[in-house]
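Scrolling down, you'll hit the structures one after another.
Two complexes, one shared chain (subunit A), two partners (subunit B, subunit C).
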Partner chain A sequence: MAVLATLDPNSRAASRGWSDLTIRNAFILPTIIFLIVFNIFPLVYSLGFSFTNYRASVNRPAEFVGLQNYRELLSNPDIWNNFTITAQYVILSVGGQMIVGFGLALLLNRKFPFKGLVTTLLLLPMMLSPAVVGLFWKLLYDPSWGPINYALGIGKFEWLSNPTNALIATALTDIWMWSPFVMLLALAGLSAVPKHLYEAAAIDRAGTFYTFFRITLPLITPLLLIALIFRTMEAFKTFDLPFVMSTANVQTIAIRLYQMAFQSWDTGRASALAYIVLIVVLAITNIYVKYLNKVKER
Partner chain B sequence: MTDIVLRDVQKWFGPIQVIKDMNLSIDHNEFIVLLGPSGCGKTTTLRAVAGLETIDEGDILIDGKPVQHMKASDRDIAMVFQSFSLYPHMTVYENIAFPLRARRMSRQAVDESVREIARVLRIADLLDRRPSALSGGDMQRVAIGRALVRRPKAMLMDEPIGALDAKLREEMRAEIKRLHLKQGSTTIYVTHDQVEAMSLADRIVIMHEGVLQQVGSPDEVYARPQNLFVAQFVGSPVMNVAPAQVRQEGGAVRVSVDPATPGFDFPRELLSRLNGHGAGEALALGIRPEGVLVSREPRDGYLPVEAHIIEPLGSHDIVDLKVGERLLRARTAAGFVPRPGERVHARIDPAQAHFFDAQSGRSLGVRL
Partner chain C sequence: MPAVTSRAQRAAHPIAIVAIAAATLIFLAPILWIASTAFKPRAIATSVPPTVVFTPEVTPFVKLFTKRVQLKEPPTPEAYEAAPWWEKTILDGGERVLRVGDDVQLSQYPNRFLNSLIVAVISTVLAVGMGTFTAYGFSRFKMAGEADLLFFILSTRMLPPIVVAIPMFLMYRTFGLTDTHVGLIILYTAFNLSFSVWLMKGFIDEIPKEYEEAALVDGYSRLEAFFKIVLPEAATGIAATAVFCFITAWNEYAFALILTNRRAQTAPPFIPSQIGSGLPEWTVIAAGTLLFLLPVAIFTFALRNHLLRGVTFGAIRK
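After this line comes the complex of A and B, so read on.
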C-alpha cells in the first residue's frame, strides 16, 4: 500500500480524480468477473446438480434427491476401482517424473557447451499439446510396426490393449512429457544453492554423497515439493493422455467422470463424482502444503 | 606441527595475473595476516592454499608436501568465510558437528567435541538455534567453531569479521587473538583493515596488485616500510608523503617540501646516509603525523605554518598544516591548536623521517 500511496499527484489518473483505491480496483475487476463467470458460477451450479437426478440430455426438470448420488457413488466398487487405478497412475507417473526430472536437473547443473540449447530441447515435450503427444505415442507403441517394439526387439508386444500394460505405457508417456517440468523447478532450486556452501562443505572434508544428501537435497526440498504438488494434482485428474491413447483400458477417475457425464448423460451423478474428486485432490495437496510449510520454516 | 610454504606461485584469471611470483613461508603456529586493498590477490592466495582455487604455476607445500594438486577436502585445512557460510538448514550443533560427521566420527566423540568447542567459544546455549536466529557475532563464533572443532592442520580466515559492526569487530578481534593463543594453530588471516592486521598478526604480509610488497612484524612494517605503498597503506592517519629537496646551507642540511619555504632542519648525517640519492633523481619524504612536531611558540628549528583543518578525535587531534603550498598532517594533543587559521610552528622529527625514491617508490633505508 505504501507504494500505491505515493502516486504522483500530477499524474493523469490523479488529475481525473481517481484515488489509489479506484485504480487498484480497476485493475482487479476484470479478473474477478472472469473468475465468477467461469469458475465460481459453474462450481456452485454443479454443486446444486450433484444433489439432483438431472440429465442434460433429457428435457425434464431436475428432481432433488439429497445425498443419494454421493451414497451410491461411494458404495460402488467400480468407482473405488477407478480411484485405485488413478492412484497407481499417479504414483507411477509422478514418481517417475520426480526421478527423471531431478536426474536431468543434476546433469544440467554444470557448465557445458550449448547448455541453453540442450535445456530448451529438453523442455519441448512439456510445451506440446497432450492430444498430439498421446497420438504420437500411440503410434510409437503400435504392436506391429511401432518403433518402440522394434527398438526393444520384443516382437508384437501389446502395450495398450490390456489394462495393466496400458497403465504403464500411459504413465511412461506422462513421464516423458512432464519430467521437464520437474527438471525446470529442480534446476532453479539447484542453482539457488549458494556456491559458498559447497566450498564450506569441501573445506569440512565432506564427500560427494554426504554433500548431496546433507546440503543439496535439504535445500531444494521445498522446490521439489512444489513440483510434487503440481504434478500430483495434474496426474490425479489426468484425462487427455489415457483418453487419446487407450480409452477403454486406463479407467482413471477422470475418464470415468467423462463417460458418466457425456456418454451416459448422468449429469447429476457426474457432478457429485466431480465433487468427490475435488475433495480428494484438495485433501492430498493440503497434506503436501502442510509439509511444505514445515520444511520452509527451517 | 604445520608449516606452509608458497613457492613461485602464479595465478591468472584470463589475461589478468592476480598472483605474481609469490614466495612465502609460514611457520608452525604462526599468525600471518595477508593485508592489502581489495583486488590485491590476498583472498585468491588464501583460497589457493585452501584448495578452492587452482594455481597456474609454483608449489604450495603443507608440512613439506606439495598440495597444489590435491582437493580441498584432502588438505585438512579449515576455513572461516567472510559470509560465514553456515548451513542454513542445520542447527548450530549440526553446523559444528558437520565436519566430524562427514568423517563418520562416532556419535559420542562428535558430541564431546562439539560441546567442548561450544564451551570455549561461549555458544553452548545457542546449540539448538538455527543460523538465521543468530546475531552476526554469534554466527561468526559458530563459523570459527565449525573450523576449529576437528583440530585442523591450519586455519584460514577470509575477512571473518569484515561483516560485523565496529564495536563487535573489536570484540571479536580480541576473541580471535585469545583463541589463537589458547588453541594455537598455524593461521592465515585475510583483511584489508590495517588495524586488524596490526593487532592480530605475528607477521603481516602486505600485497598490492598480486605482488607481495613486504613481510614483517607489525612493528617492522610500521616503522620500516620498504616502499611507498606499504608506507601509505599501513598506519592511520596515512603517512604524509611529499616530494622533497635536500639542500646544504653552510653547516646545516635542510629538507623542504615546498621550494618556496626555507625547509626543515636535518642532521648532517643525512647527506652521507642518502649516499648521493636525491641529487639527481626525485626524492620523496615520508613522515607519519606523529613525526610532525607542533609548537605554539616560535622555537629553534621550527617553521611558521598555518593550521588548515582540525579533526578532533577525542584522544588527540589531526591537524592539517600548510607548509607553503603543501599540507602536512600532524598529530597533536586534543585542543592543542584551538582553531583553523591559527599560526603555529612545526618541525619534522628526523628520527621518524623516511626517504623514498620517488620514481620506484622504494625506501632508501635512511635511518637517522
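After this line comes the complex of A and C, so read on.
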C-alpha cells in the first residue's frame, strides 16, 4: 500500500492508547488484505490459467499455450454471437427500464394518497432474488396455462422456446425488475429540482414541453446517467435471470462463460474469456465511478 | 413534495391517480399471482382462465416442509381422526407424511432455507463489522491514494460472479471448501465488504467530527471515542447497511449454484431446480417462493428511506 504518514503525529490522541496511524492501518488494512486474498489473488490465479489448456475435470497438468485461447476466442464467431446477444439484451432491457422507470417517476412526482406505500411497493421487484424472479416469471409465461398469455389473449404463444422470443421475454422480466431502480433515481432528481425554477417558468408562461426540456430534463440528467451506466454494467453481466428462464435460448456472455467453465470444463479457455469480460466490466465501472464522484460533488 | 407545478399537471390529477393505481397493480400482479398460487388447491393452480376466487388452503406449505408417499388405500376413519389437522390436508390428497418412528421426515426445503439464513447472517455480520472499521478509517484520516483505494474496493464489487467463480472453484476444491457454509460465507463477505465500506463511509461522514474531538478533549482515547461516540451515532447506518448486505447474500445465485450442491446449498439454486424433476407441483413451488421472498419484502419496507443511498453505494442521499 502506497499510503501512510500523512497524519498529524502531534495530535492529542496520538499520545493516548493507539496512535491515529495505528488505528487507521488496523481499521483499513484487514479489509484491503481480505479483498486482495479473496478477489485479486483468484483473478491472478485465473490469469495464469488463461494461458494454458487446463481442464479442471481431467487430472492432467496444465500446458502453456501462450495467447492461443485469446486468439481463438476473439476469432470465434460463436463468441461474437454471445456478445451480440448480450448487447441486444442490454439495449432492450436497459432502454425499457429507462423509459418505464422515468415514466413512473414523472407519474409519481406529485401529491397523491398513500404515496409512501405505493412508492415502496413499486420498488419491491428490484429487491427480489433474480433467480427466483426468473423461476416465477417462467410460470407466468407458460404457454398453455400462464396468466400472461391469458391476460393478453394471445392463445398459446411460446415465450421462451426460441431465441428471439426468449430474448424479449427475459428482457421484459428484467424491465419489470429494474424499472423501479431508474424510478428511484429519477424521483430523487425530480424532487431536487428547485421549485422557484418552475414558478419562474410559469410567470414567463412557458409551456409544459418547454419547462420539461429546458428545466426538468437538464437538471435530472446526471442521475439518469448514473442509472443508465449502472444498469448497463449489471445487464452486461447478467446471468441469473436468463439462466433460470431459458438457458438454451438466451446465450448471454455470462451464460456462455458458465457453460465453458463448468459444463465443458474448458477451464483455460474459460479463464481467458473471463478476462475479456472483466476488461469490459472494469471499463464501464471506471466510467460509473467517475460519474458518481462528479454527481457527489454537486 | 412540491409537485403540482403547472396548469397542465393540475388538470391531469384524477387521470394521474388512475394511472398510478393501474401501474401499481400491473407491477404487483406477478407477485400477487405467485402469492395466491401458494394458497390454491392443486386442481385449480393451472386452470385456464386463472382462478381468482377460491378457498385458500395451507396444504402447499405442509407439503413444502414434509416428505410424502402415495397412499395405497384410503386411511381408516380412526387413523384419519388421530392425525393432526395439518396431516389431514395431506391425507385428503391421497398421500401420507413419511415418518421414522414418531418423527416427521422433513423435505429439503427447510434445510436449504436454513443454509441461506446461516450464510446470509454470518457473512453480513462479518462484512458490516469490517466495513464499519474501514469506513471510519477512510472517513476520518487523510491518506495518499485514498481515491484509488476506494475505487479498488468498489471495483471488487463490480466483478462478475462467474469470473471470480472459476478460480474460486479451483481453490475451494484444493482446500475442501466446496459445498461448505464457510466457503460461501467467505465469498459473500468479500462481495458485500466493498459495498459496506462505501455505504458506511457515507453514514460516518455525516457524523460531525466535533463529537469525537470533544470526547478527545475530555480524555477519551481515539479508540474509546470510536466505540462510545461514533458507533452509537452510526447505529441507523449500520442497521441499514446490514439489511442491504443480508438481502444481497440471501438473493445470491451464481456462486451458490457453482460452489454448493447438497450440504450447503442455499435456497436460490434449490428453488428453481425443483421444476427439473418429474411433474412439478406448482402450488408447492409457489409456497416455497413466497416464503423465500417474504423476508426481503419486509426488509424493503424497513429500508424504504435508505433505498436510494443503498443502490448508489452511498453516493446519493436524500
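The rule is short, and it goes like this: the second predicted complex is superposed on the first by the 265 of 298 C-alpha atoms of A that agree within 3 Å, B and C clash if a C-alpha of one lies under 4 Å from a C-alpha of the other, contacts with A are read in each partner's own complex, and residues count from 1 in each chain.
Simple rule for what comes next: a contact is a pair of C-beta atoms (placed from the backbone, for glycine too) under 8 Å apart; a residue touches a chain by one contact, two chains touch by 3 or more.
What you are looking at is a predicted structure, and each value in this text was computed from that prediction instead of being measured.
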Clash-or-fit label for the pair subunit B, subunit C on subunit A: fit
Touching partner for A:A188 - first (subunit B), second (subunit C), both, neither: second
Larger contact residue set on subunit A - subunit B or subunit C: C
First, second, both or neither for A:A202, with subunit B first and subunit C second: both
First (subunit B), second (subunit C), both or neither touched by A:P218: first
Subunit B versus subunit C as contact partner of A:Y210, first or second or both or neither: first
Which of subunit B and subunit C A:V118 touches, first, second, both or neither: second
Touched partner set for A:A283, first subunit B, second subunit C, both or neither: neither
Gap in Å between nearest CA atoms once subunit C and subunit B share a frame through chain A: 7
Contacts on subunit A seen with subunit B and repeated with subunit C across the two complexes: 201-202
Residue numbers on subunit A that touch subunit B, as the complex places them: 194, 196-197, 199-207, 210, 214-215, 218-219, 298
Footprint of subunit C on subunit A - complex, ascending: 1-4, 6-7, 12-13, 16-18, 20, 23-28, 30-32, 34-35, 38-40, 42-43, 45-46, 49, 56, 104, 107-113, 116, 118-132, 134-140, 142, 144-145, 147, 150, 176, 180-181, 184-185, 188, 191, 195, 198, 201-202, 208, 211, 223, 226, 230, 233, 237, 239-240, 244, 254, 257-258, 261-262, 267, 270-271, 274-275, 277-278, 281-282, 285-286, 288-289, 292-293, 295-296
Subunit A partner contacts - residues on subunit C that touch it in the complex: 1-6, 8-9, 13, 16-17, 19-20, 23-24, 27-28, 30-31, 33-34, 37, 46-50, 130-131, 133-134, 136-138, 140-147, 149, 151-156, 158-171, 173, 186-187, 189-190, 193-194, 197, 216-217, 219, 221-226, 247, 250-254, 258, 267-269, 271-272, 275, 282, 285-286, 289, 292-293, 296-297, 299-301, 304, 307-308, 311-313, 315-316, 318
Contacting residues of subunit B [partner subunit A, same complex]: 50-52, 71-74, 76-79, 81, 83, 85-89, 98-99, 102-103, 130, 146-147, 150
